[in-house]
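Contents: one structure, followed by commentary.
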Amino acid sequence: MKSHRKELWFDIPSRRDYINITREVEREILASGIKEGLCLVNAMHITASVYINDAESGLLKDYDAWLERLAPHAPTSQYLHNHTGEDNGDAHLKRQVMGREVVVAITNGQMDFGPWEQIYYAEFDGRRRKRVLVKIIGE
Amino acid sequence: MKSHRKELWFDIPSRRDYINITREVEREILASGIKEGLCLVNAMHITASVYINDAESGLLKDYDAWLERLAPHAPTSQYLHNHTGEDNGDAHLKRQVMGREVVVAITNGQMDFGPWEQIYYAEFDGRRRKRVLVKIIGE
Amino acid sequence: MKSHRKELWFDIPSRRDYINITREVEREILASGIKEGLCLVNAMHITASVYINDAESGLLKDYDAWLERLAPHAPTSQYLHNHTGEDNGDAHLKRQVMGREVVVAITNGQMDFGPWEQIYYAEFDGRRRKRVLVKIIGE
């Protein structure tokens, strides 16, 4: 069994954003030399998500508006978590809707994807350096 | 390390439906000959989910009504994604609530499941051929 | 390839609670002797979740209040599932928001975690014995 590990770093200038990281993950699968296996891609921070969906700019705005309806940022006082001095209570909730991680099959040395699958990093509390972990195991 | 791969195909005649695929995944685990490992089951399309929950017909209707409240299909114009000519903006949101994938442990050649766990394919934009990937690794 | 399996048992005295199980999972990773691999942690019951987020007591209350807004327990008659004699329809919905499972990378024999990642068991229908599965594969 082989394994491969890489951290992807982000420093998103806004509070929230949605970044396509498919190419970065593909590069690590190639670098791993693994032909058959599984690739875990997870946010290492708890106010961000990694998810798989469409690379369509309207949809990214739909996600953002919908998450704001399900877990609004303001008023920040509505979250007990923010009484600790934080203002990111909403980000911890939004991240649960979109998820922490994806697991991707590797077949013949490539991501085993349907026609529209793209891997996204979703930032819900940006303006600082944060990481995504890519961990690959297989042969 | 061994690996095994299978695509399951669906052509759901309605827009939304919930299909129990536990037996189909069990069959692939048996076919793989893998005794200890992990089994990834993921929707290969971005308007469908694979999830694990109860095989109870009332619950399936509860899920459907609840997802319609969280992300209603109509009016379709409420989603920017639909301005591209699609009418499935809601399906991309519903899929995030229910998830893309499950990872199932394999122990002694079988799914390592609690008493009520069943694997479902949830279709949110049917009436065309779509796929689920089953990828198994282990020994 | 090596594998390791452990069930963690819970008997939560209230309907809902959020329990940090990071130390228990760490102990199994150590017991497995696996240095590089993947660790699956999943609820074996369909009215409970395993998720990764912050160990902060205000946030746990925020999650609980938010899940009650998204999928209220009462009136129990609002869920068709409860017409079977159950009163846990809401728990099946809450569990989908928070997820069934997490997959954790193992690097150098340890959980490969960001600074604030903690593994939680979320119970949505307690007052009986329920289980979490820890399954580890790697080398």
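Per-chain residue numbering starts at 1, and chain names A, B and C are given in the order in which the chains are listed.
To be clear about the criterion, contacts are C-beta pairs under 8 Å (C-beta built on N, C-alpha and C of every residue); 3 or more make two chains touch, one makes a residue touch a chain.
If you're wondering where the values come from, they're calculated on a predicted model, not measured in any experiment.
S.K.: Based on the touch definition given at the start, go ahead and assign the chain network to line, ring, star, complete or other.
M.R.: complete
S.K.: Over half of interface residue numbers shared between chain B and chain C means same, under half means different, so which is it?
M.R.: Mostly different residues.
S.K.: Counting in whole Å, what is the centre-to-centre distance of chain B and chain C, each centre being its mean C-alpha position?
M.R.: 20
S.K.: Of all the residues in chain B, which ones touch at least 2 other chains?
M.R.: 1, 38, 70, 97, 99, 103, 137
S.K.: Give the list of chain B residues in touch with chain A in this complex.
M.R.: 1, 3, 5, 38, 40, 42-46, 70-71, 79-84, 89, 92-93, 95-97, 99-101, 103, 131, 133, 135, 137
S.K.: What does chain C use to touch chain A in their complex?
M.R.: Those residues of chain C that touch chain A are 1, 36-38, 51-54, 56, 58-59, 61-63, 66, 70, 97-99, 102-103, 105, 107, 112-117, 137-139.
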